[in-house]
Amino acid sequence: MKKGILYVMTILALVALLAACAAPAPAPLPTPTTAPAAAPALEKELVFASVVKSIAFNWFKRLETGVLQFGQDYKVKAFMEGPSQVDSAAQVAIIEDLIAQGVDAICNVPYGVPENEPAQKKAMDAGIIVVGHEAATAKEGTLHYDVEAFDNCAYGEEMLKELVARMGEEGKYIQFVGSLTNASHNEWQDCAKAYAEKNYPKLQWIAKYESKEDQEVAYNTMKDVLRTHPDIKGVLGSAAGDVVGAGRAIEEAGLQDAIAVVGTSIPSYAGELLKTGAVDLAMAWDPATAGYACNVVAYKVLKGEEIKDGMDLGVPGYEKITLRKGVNGVPVIYGSAWIKMDATNMDQYPF
Amino acid sequence: MAEEILRAEHISKRFGGVIALDAVSLSIHKGETCCLVGENGSGKSTMIKIISGVYTPDEGDIYINGHHYKRLTPIEAIREGIQVIYQDFSLFPNLTVAENIAINEQLASGKQSVNWKEIYEIAKEGLAKINVSLPLDAVVETLPTADRQLIAIIKALLAKARIIIMDEPTTALTQREVQALFRVINELKEQGLSILFVSHKLNEVVEIADRTVIFRNGQKVLDQEARGLDIGTMAFCMTGRKLDTSAIVFSEVEEAAAPLLRVENLTLAHGFFDVSFELKPKEVLGITGLLGSGRTELALSLFGVLPADSGRIYIEGNEAKIRSISDAARYGVGYVPEDRVREGLFLEQPIGDNVIVTLIDRLVTKLRLLNSKAKKEEADRWIKQLEVKTPSGELPAKSLSGGNQQRVVLAKWVARSPKILILNGPTVGVDVGSKAEIHELIRNLAGQGMGILLISDDIPELIQTCHRILLMRAGRIVKEFQREEITEQALNAELVASATTNAP
Amino acid sequence: MLNRIVKTREFIVFLILVALSVIVGLINPAFFSISTVFDTLRAAIVYFIMAFGVLPIIISGGIDISFVAIAAVTSFSTHMLLLKLGYEGGTLLYYLIACTMGLLAGLLNGFLVTRFNLPVFNVSLAAFTMWYGFNLFFIGATANFDLPAGTVGYYARFIITARDPFVGKTGLHVSIVYVVLIGLFIWWMLKYTTIGRGIYAMGGNREVAIRSGFNVPFITLVTFAIMGVLSAVAGVTQAFLSRYFNPVIFIGQPLDVLAAIILGGASITGGRGSVIGTALGVLLIQVINRALILTGIPVQWQRLVVGIILIVFTSIPALQERRARRIGHTTEAA
């Protein structure tokens, strides 16, 4: 029985992870701010491959658009490959295949970071530039660089700044996370809270609630929050449905102008409520720009350009990157590649 | 002689190379209680299964109600009115008495909806058949074993039983419940039903049987009117050797010896009150009484399972504070429980491991690892000493017969060389042959200097082992019998007196 | 009679429910309002339906967690199908299609259990993973907010409405009627049909149930069919109440539903459980959830509180046995 519960937990965790990856979906094509002025004249066309966890996810289809855009902009043969289902072994087989083909660079989004390390190292030994994405925990020497859309902590602080801009520097606010065990959600919210305590001492934190990745739970919770704290002024959300559920409760209470709601979401979820103002700001990130940036880094390394802290990759959100050593030694590049959507600009993000 | 309902003729059954039954005949007549007696492995279970259609005999014929069967199926047996009440009673523990009684009728009717009024009527009718009253709304798992057995009997009756086969029906019953069961059996008999009563408790057989059949090693060794048949003869037939109850040698208890155990004014709420007694080295002290008399609670208190609320315990003259089992073990108190399967044995584990489990702290090496060589030697020594019949100590304990399992439980505690050994119903569910050997063992252990407290309601057992007997009633010691005063009649008289004054 | 009711597990749950409500109401008077009652019932609707659906399986001695995944796959694929067909009608067609799918999904579990003699829990674990995976890979990984015109206002279709000074208009949602009807049906089925009694009999002693002549494989299939259909009802209802279809709906909540059933007096090993107890268990968990928000106790405590109550409850039978042992009625009979 005990073992049974453990199984259930593991499966729940796995599926929740899949769900989290898939939640905030497509975003618009990135418009590069600084594509190379003139396409470099080359003796032979460069080949850049991007490998993802699985091509079955919309998320990675969106990433592919960034990869293809990069290929056009940089006059490089760029393409994306991946297993039809998430599977480290299949992913490694694809990398081995690419090594045999003699590609120039690989941008890898590993499913299992440690399982992909030997293949990545083998590619590097073969003279291929290997850049990772969502692989900040890789071991030193198994990637040239890893590219992340943003630092989770910086993203959380940004959310809080946006909330304060709407609710003012004092008053009560609450937080939602999909679950208390979701590492990213909790890092965003904990950093936001720490930032608030340091910079806005008059903000009063009430609680961090769990929406169980279900907007109906967020809705019911928000109703009770309104009963308990009628003077609530701000709400931060993490899962895409958090701000939607909370926004609906706020709208039904007619408090859309009195309460600021900011959180991770996308217009297809929060569109209606963004229009009415029940949700004030939705924040997200775009896998397309990440795919683009990953390839740009590989291009620069191939060209012998040095990657420096604060440099501009020429991709929206990656204009001023942060370079830090990852926990296991791989150098990690952080962008600030979040996008912010409200009633005025949501039409530019039709997803 | 009354009409013959069932006749099994020259039944033989072999399992592989083992002959379970060898051309055995058995007949049952209308309105009689036939007792089938035999040691474990004598073939009685095989016979039950053959006449209820579970096994097909290799040779022989079965006649029921005049119909001849070469091969009898379970369905045919039921149709002919043969009902077996197994030891698990085949009841639903989570359902009420009424539903358990009526469920077969409900199913047989083929109706898809349930009429509760009808269920209660069927149940009432069933209870009336044997003239007992049970709470119809009670959930069966909350009832004592005796009541569950009555429900099983009623179910058999409602299934139009003509012969009811009871397989060791008294194993889990107290003496008073056995008496109640016997009343029911007699009532059934008067209604013209036949009972096949399978047991190895000879005193019960003497009481209930109209006719006694004894099996030994797959053969019928006796089949006669029960009247005039005494326990000694039956025991001889069962085991093939004479049990001599007169020549028992009891160990000499030294009058002057300091008591091993002295209990003063021991009290446990809802258990027993103001209990005082002494136990000397080499002495076997019996404690008897009916259900609810407090005898088991007293034993459990001395062993630390149910620590007493007040009073004092002295062991070898020093006051002992027994608040837990490990306290008791430290003071040299060992306990052999009644329900050896549930409380005393790890059935799936090897016999050897079961024996040495209480010794584990003495068998570890300096590195706190178990010394497997020492373990095996110790286990083998005790298996030999207590004559556990097994080809190897490596076999699981469940491979042993009841009597041998009980020996393993004994070995487990004796191996620790306790000063005081408490035995609770040491031969419950053990056949006569093994019983005598266990009694011998108890006397030998006492002879070596141990003090033994024997808790039992088996009167012959008390007589064959005890120096003194304390009788408990409603949590108090009401009478003490000295060796010379102990007779079966005297003990029985006192127990019956208890039954009339001791409300449960 | 009264004496017996007082001793039941259901009554204890009822008392805890009342006591907890009083405490919460004393700390936060906002709890004592008709709108809170309506909101609590509304939030509980889908849990009632799922719990009623899985209760027969629990009573029969199985443990299922796949009901949440069946709720997700039936509701989400029904929606994506009707969306593709340009359906603009009402909710009825949704329920019909989803229930048919739910019936098939339930029967698939039941088939695997009865045909290959697999443990119920293993099959349900496989079905749980499979159906969520099916949704994500084949139907779509993103939630969908495009509701057909005929269903848009359904979330606010109330039998009675109430106005609350803090949360605005709320009410008793019409789907509470389904809950009552489903509850009555399951209660009737368990108490007044041979299949229902067979479910209890199986949970009490499977071997004896077979020996007595209950059609155990058929009864197993029925329990799974009920679970499948009611999971579908719960999935569709939840989608309409929250106005969107979510491919991973309820993914984190099977244990909440099982906990409610067990709190309501069902035994995890089978044989015991009732509709009224389950309903009270669902309400108790809902009130505990709300209580923590309304009294300001950190959410992290929620699981701990539910866990502690579960431990206390599951140990009641053991404690009673111990008491009986002390009084001295069971040991000698054993």
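We just call them A, B and C in the order they show up, numbering each chain from 1.
In this text, contacts are C-beta pairs under 8 Å (C-beta built on N, C-alpha and C of every residue); 3 or more make two chains touch, one makes a residue touch a chain.
Please read all numbers here as calculations on a predicted model, not as lab measurements.
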Between A-C and B-C, more C-beta pairs in contact link A-C
Nearest to the mean of all protein Cα atoms is the Cα centre of chain C
Subunit A to subunit B, mean C-alpha position gap in Å, rounds to 71
Chain centres from averaged Cα atoms put subunit A and subunit C apart, in whole Å, by 35
Dist(centroid_CA(subunit B), centroid_CA(subunit C)) in Å evaluates to 46
Within their complex, subunit C touches subunit B through residues 4, 191-197, 200-201, 203-205, 208-209, 211-214, 267, 271-272, 325-329, 331-334
So, in the complex, the side of subunit C touching subunit A is made of residues 28, 30-31, 33, 36, 39, 42-43, 63, 65, 121, 125, 128-129, 132-133, 136-137, 140-143, 145, 164-170, 238, 241-244, 246-255, 268, 289-290, 293-296, 298-300, 302
Listed in rising order, the residues of subunit B that touch subunit C in the complex are 90-95, 99, 103-104, 106-108, 111-114, 116, 137, 144-146, 172-174, 177, 268-271, 291-292, 294-297, 300, 306, 338-339, 342, 504
In their shared complex, subunit C is touched by residues of subunit A numbered 1, 4, 7-8, 11-12, 15-16, 18-19, 22-23, 25, 56-59, 85, 179-180, 206-210, 212-216, 219-221, 223-228, 230, 240-241, 244-245, 248-249, 252-254, 268-269, 271-272
